[in-house]
Amino acid sequence: MNILRQRIRRAAALFAVAAGVGAALPAAADDAKQQYFPLATFRVGAYASSGIPVWAGTIDYLRYINEVEGGINGVKLFWDECETEWAVEKGVECYERVKGGKNGSPVPIFLPHGDPITKALTEKSVADKIPLVTIAHGRTEAIDGRVFPYSFPAVFTFWSEASSAINFIAERAGGKDKLKGLKIATVYHDSPYGKETQTPLALLAKTYGFEDIQIPVPHPGNDQSAQWARIRQLKPDWVFLRGWGVMTPVAIKTAAKVGFPVDRIIGGVWSGSEEDVRPAGKVGKGYLAITPFPAGADFEILKKIKEHIVDKGKSDLKDLKSFGSVYYNSGVNEAIIAVEAIRTAQKKFGARPINGEEGQWGLENLNLDDARLKEIGAYGLQQPLKLSVRDHEGGGAGKVLQWDGEAWAIVSDGWVKSDRELLLPLIYERAAAYAKEKRITPRPDPTSN
Amino acid sequence: MAFLIETLIGGLLSGVMYALVAIGFVLIYKASGVFNFAQGAMVLCAALTFVTLRDQGLAFWFAALVTLAIMVVLAIAVERVVLRPLMNQSQITLFMATLGLSFVIEGMSQLVMGASVHELDLGIVDTPVEVGPILVSQFDLVAAAAAGILVLALSVFFNVTRIGISLRAIADDPQAALSIGIRLQRLWRIVWGVAGFVALVAGLLWGSRQGVQFSLTFVVLKALPVLIIGGFTSIAGAIVGGLIVGAADALAEIYVGPLLGGSVSTWFVYVLAVAFLLIRPAGLFGERAIERV
Amino acid sequence: MAAAPFLEVDDIEATYEDVILALRGVSLRVEEGAIVALLGANGAGKTTTLKAISNLLASERGALTRGSVIWKGRSTARLDPAELVARGIVQVLEGRRVFPQLTVEENLLTGGYLRRPSRAEVGNDLARIYTWFPRLKEKRRIRAGLTSGGEQQMIAIGRALMTRPTLVLLDEPSMGLAPIIVQEIFEIIRTLNEDEGVSFLLAEQNAALVLRYADHAYVLETGRLAAAGTAADLAAQGVEALYLGDAPGAAAATSSSAQQF
Amino acid sequence: MSSAETEAAADFVAPGAARDWRGLRRALPLGLLLAVAFVIVPLAGTDYWFNAILIPFLIMALAGLGLNLLMGYAGQASLGTGAFMATGAYATYNLLLRLPDIPLPISLVLGGLIAGAVGVVVGLPSLRIKGFYLLASTLAAQFLLEWIFNQYGWFSNYSTSSSISAPKLAILGQDLSSPVGRYLMTLTAVVAIAAVAARLVKSQTGRAWSAVRDMDTAAAVIGVPVARSKLSAFFVGAAVCGVAGALWAFAYLGTVDARSFGLDRSFQVMFIIIVGGMGSIAGNFIGSAFIVLLPILLSQVSDRLFGGTVDAGQLANLQRIAFGALIIWFLIKEPAGLAALAERGWRRLRPSGTAGPERGSRPGNTGKIF
Amino acid sequence: MSASSAGPILELRDVSLSFKGVKALNALSFAVARGEICALIGPNGAGKSSLLNIINGVYRADEGEVVFDGAPFRRIRPLEAARRGIGRTFQHNALFKRLSVIDNVLAGLTRHSRTTLVEHAFGLPRDLAESRALRARAEDIIEHLELTPHRGTVVSTLPYGVQKRVDLARALVGRPSLLLLDEPMAGMNQDEKRQMSRFVTEANAVLGATVVLIEHDIGVVMDLSHHVVVLDYGRKVGDGTPRQVRNDPDVIAAYLGTVH
């Protein structure tokens, strides 16, 4: 045990050195007047290929706000990066490291950007009063802000994703009544994330009368011959592909191998990026994907970012091919929502760095209507979004993209809405069950009554 | 019935791909007693290097040669920096060192070549061929053929060439090999180099199947049960083990999975492998040492 | 015999794993063309001495901590085993240690690789080995692990001869072999010595046997030199009495052999 | 109790040790350390230190202890650590959920025991196979258990995400959900278990384990029940890992799903004991410090030194390389683990011999297991 | 002891064993009388160690049976053999190399322990009492075999001769009725051999263990043993008192062969 003591002493000394190094660097004197916005990035590890463009999108937008718009109402943003490798405990460590703010500037919003990390932070964030914005991931029942005050699965939950995908199939089939009798197979990543859509799909299948087939693919999914052999046997009309990482290209390739038409596969949000399709090569042509982050560099705001950031060599992106990609745009989207929430909060609390509690208010009063989206230049890139205490999701629609071998083209008729009215009661029920299990008293909704 | 056969064939063809990765392990384990967990990282490194070179516009063969050269340099470095200082250490220590090594290789590869996903097109057509009612993937056939040629080449190498016979000698008795002037360390470098070559082939085939990205390192997980079944020291075992694992995996996914309500392939072949082990404690082809006391 | 020093071992001390002292101040010399015997009981340090000469100690976490080994006027301290083999010293390990999975012929071939010989040379060398050990020719395609103990000893010696050595260090050639086979092997050793001029340093427990073939002999006892002299002198003194009748022994080596009454 | 024996039991306080003068000298630093850990740290620590450093450090050291008992003391290599941790976490969760009247500490212990029982089943192949083959066979358990917890909703009370989350942490009405509370709860569990483990390895059970590890044939021949020893090691090791898993889920993360206890976790724990030192109790803490703290340290140092100037992705890659290289470097430098290194350093610092010859002469290759 | 205490403590009947087709033991039969010291001699590879391995269950005989203490068996588990009172030392060092001398000896007492894991874990009174008792027994043997100065030392760092003594202590501490010693004096110098011979004699005379030992040093064998069995390539070529064996022409032929 002496050894242990000695060891700890040594470790402490090392940390002291590290801290000393930190202290030696001059702290920006006016940090306290700027808005801290820490980023828990993942640039190495298994998911680095998606992380890199995502964070580039976020950082480029933040830089754009700082350099072109002079900050949010004059409050500039500054950030640290902390590498998580998409691993839970590293994510938690990063969160703990940054949650106290920096040099007096508090954390308004935290982007965990990973389903497992989000779950690990759900309760901590309540204790610390730091809102987590988790676009297109996180717990679906966190839509109910009365039970999950600091979780914001904004824009597009997995349930909405499933419902929108079904509605797109209906659109193609010529109406929801045409869903009856269709066979729709869901090929999913066998993980909590992948299984999350089982419940809504079962409900939707019951409602619309299609046949719901669930086919799991074990992590990481680099061999799917058996799954697609089954698809060939079952002959579904559509396949809804909910992959993650390498699973998607392998699925597309294997589908081609067994002769399943690729244009009958609709990928989910995390199966719908260039990084997912490109490795599949030629056979990926015609593949569909539903996403809240439409790809493309033609949106106003992307043009501005290109002009002021990318072309000036200030972009975080090293491989400019990714500019305007789904992941890049998702990063931009997240940053837009965070910035707009801060802006909203500033309206109430003043043009100064805001803290997490104020950030929560900003988010719950966020209203991005078409007019505001046009002002930002994000019309078409970001769907109209109105959040409230009862509704931390807001949008619930996606666009369907089709891969032409080189790039994505939007093929849906605008935003494909989900059947939120149908799903919400079930979601609230689940939130209530969670509250009961955790003995949480839901907070009252100030806007009702 | 046709479906069963089709599944079986598909499984067997996948099995060849697993065997390909397993062979890399067998080579190194045989010659130096190291269970090289960095094999997955080597696969990634080889594929990533190759793709990056191709993206730079190098011709296929030239890129392959340069990659091979890099793998050989890596092998030499590993022997010098890791194996030699750890000579005579326990196998578990060496195993852990290769885990550390895999961090280094992964980090280096991505540091130099980035973490983006690359497409790797080997120009192999991937439309299915119908043989009667049975659908067979052309790509898998080509991959299996490539693996077959590799195994053939390796067995010629091991049975005919000077280096190959020396390597088998080392596997049998390193000290005796040393005593008659076989240069252990040089042969280690060679065998790691050969394992690098195998990693390149595996990397190319797997990479063109799933794209070149970090998750290539996970193919190791499929190779482990192959090794358990086939034994750590037998190339023939790796092939047979690969076929068994591939077939069992595919059949289990179709016929066992639905019974249990989920995908079983993460564990099924491992459980199968343990069952094999209980019957043959040193794998199908592994030699069991008699304990002398 | 010329006075030119062939192999000179001077006052060596060896340890295993930095703890176990296996040799304490052993000195010996082998003249060119001689057969020298190294006698001693089980664990007296014979094997360690041979491995100290062939530089194989390192592979067992052993080390030479004092003294020097001079081969043809040069210290061997910095040479690795392969370089020593290239310079003409080869060791046949105790317990034969053939490569069991390799065929008899492949076993022999491994001995030739260091020189990177041409195909013709290899053929010649093999032919010569087969003339000395005709039995091996019959079994050339059989896996060495399946041959008898005597044949394995022949394989081991043949394999060593494939390196074209000038000095063979032979560790316990009689171990575990029937007397008739032992005699056959020793006859071959004598032939090799006389016809090919190969020198031998033989570690043996069977003193009576080996002294009939050797020119000189050294006797080890618990890692020290206990006696030395010409084979004839030692045989006359009744060397058995020196260490066998109530024999001392030492250290971690594991061999043993037939004992004399 | 003789003085030499006390000394042999030196890693932890043994009853009666204090009577002995030398024992006292050994016990004193440990007592001080515990006092600091229990009194000073809770007063001085920040949330960050508790939540991100101390709690995971302690829990991983505990998991290391579990594996060390199994692998370092009993010689049974296992990569099933993650599965044992998952079993402990899910078992404790279900006990708390379904039998809410049982107090938390008892649920933790019961959860550990259930993990131990699973460990015994996982250990059955060890009666036939050893070495890498055994190591590989434990992977079957690792993957199978991970799958079961993910697959069958019952284990997670049919939560949508198959994840389990911490109940209210309270002992005797004392709320422990604050960072300090969770730290103290973890620390108490770790210290208590480590004390029991220290006893155990010096007992007849521990001797039987070491006998099986060092030479199982000889062990059987002299009358050590080899099969029972192996299985008891699997039981105890898995139980300790199980408690670690439950703490990981409830005291550290709050919410986990089975993937938190995947193969990576198993490897991480194995790193801890190999880097720290197999067959050493203190080694687990050293190894855990290395594995848990080093990456954080690397990331903090490099952020401070290069943050903003070097590309963040490259920096992350460099950290990974540095981490891998350090592992190799330490293995080369001290294959018996940092505990042995530290022990040597300690002796050098205090040459006047609290350490008798028996502790002084531990051989260098103690890391060998197969 | 069983009813058969008048008969031989150990009897081998037509025991055969082969490894991969090579016969290590060939229809071997002999008996060891209660209370004697019996030496097995023969060249290396004669099958002596294999024989001991069959007697205490490490190997299984292909044919024939072993009768120990009146109970016949062909295959016995090593643990069961130990329980019945067969102790054993090893030719190559088979000590628990990371444990100290006292711990090695204490491990030899495992089968005399009656306490459970739980008692060990929490240091319950029964465990404390028992470990005191066991420790006393171990200390006794250690003192007896003059290992006291080494009692706390990790065995792998001890000189070879001392390790051999630890091996003997570990076997003796369990009070075996039959003690199998595999080359207990290999690698020892004259003094050590004399000392070891004394210990073996004492184990036999004082502790009452029947001893079967393998030894190459004929001088030692002749002084020490009451009974000598000569093996050669798996066969028995001689069996009798030292004097008888010394003068047996078959033994002389098999051993000295054509050499002399």
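A, B, C, D and E label the chains in the order they appear, each numbered from 1.
As a working rule, contacts are C-beta pairs under 8 Å (C-beta built on N, C-alpha and C of every residue); 3 or more make two chains touch, one makes a residue touch a chain.
Only a predicted model underlies this, so the values are computations on that prediction, with no experimental measurement involved.
> If we look at subunit A and subunit D, which chains touch each of them?
In this structure, the chains that contact subunit D and also subunit A are B.
> Hey, which chain ends up farthest from subunit C, C-alpha centres compared?
Max centre-to-centre separation from subunit C belongs to A.
> Indicate the whole-number Å distance between the mean C-alpha point of subunit A and the mean C-alpha point of subunit B.
Those two chain centres are 36 Å apart.
> Subunit B to subunit C: how many Å between their CA centres?
Each chain reduced to its C-alpha mean, subunit B and subunit C end up 41 Å apart.
> Would you kindly tell me how far, in whole Å, the mean C-alpha position of subunit E lies from that of subunit B?
So the centre of subunit B lies 47 Å away from the centre of subunit E.
> Distance-wise, how many Å sit between the C-alpha centres of subunit A and subunit E, to the nearest whole number?
The answer is 71 Å.
> Of all residues in subunit E, which are in touch with two or more distinct other chains?
Only 58, 90-92, 94, 157 qualify.
> Could you list which residues of subunit B touch at least two other chains?
107, 110, 115, 262, 264, 266, 291, 293
> Find every residue in subunit D that makes contact with two or more other chains and list them.
Within subunit D, the residues that touch at least two other chains are 147, 217-218, 221, 313, 317, 319-320, 363, 365.
> Quick check on the complex: what are the subunit B residues that touch subunit C?
88, 162, 165-166, 168-169, 171-183, 287
> Residues of subunit D touching subunit E in their complex?
These residues of subunit D touch subunit E: 4-5, 7-8, 14-15, 196, 199-200, 203-208, 210-211, 213-215, 217-226, 232, 236, 279, 356-358, 361-363, 366.
> Applying the document's contact rule, which stretches of subunit D touch subunit A when the two form their complex?
So the residues of subunit D in touch with subunit A come to 11-12, 26, 29-30, 32-33, 47-48, 51-53, 56, 97, 147, 150, 157, 159-163, 165-168, 177, 252-257, 259-260, 264, 282, 285-286, 289, 293, 295-297, 299-301, 303-305, 307, 311-313, 315-317, 319-320, 338-339, 342-343, 345-346.
> In the complex, go through subunit A and note every residue touching subunit D.
Against subunit D, subunit A makes touches at 1-8, 11, 14-15, 17-18, 21-22, 25, 41, 43-44, 48, 52, 55, 80-83, 85, 87-90, 92-93, 95-97, 99-100, 115-116, 119-120, 122-124, 127, 139-141, 190-193, 195-196, 199, 218-219, 318, 430, 434, 437-439.
> Once bound in the complex, which stretches of subunit A touch subunit B?
43-49, 51-52, 190, 216-220, 222-223, 225-227, 229-230, 232-233, 245-246, 249-250, 253, 256-259, 275, 278-283, 318-319, 322
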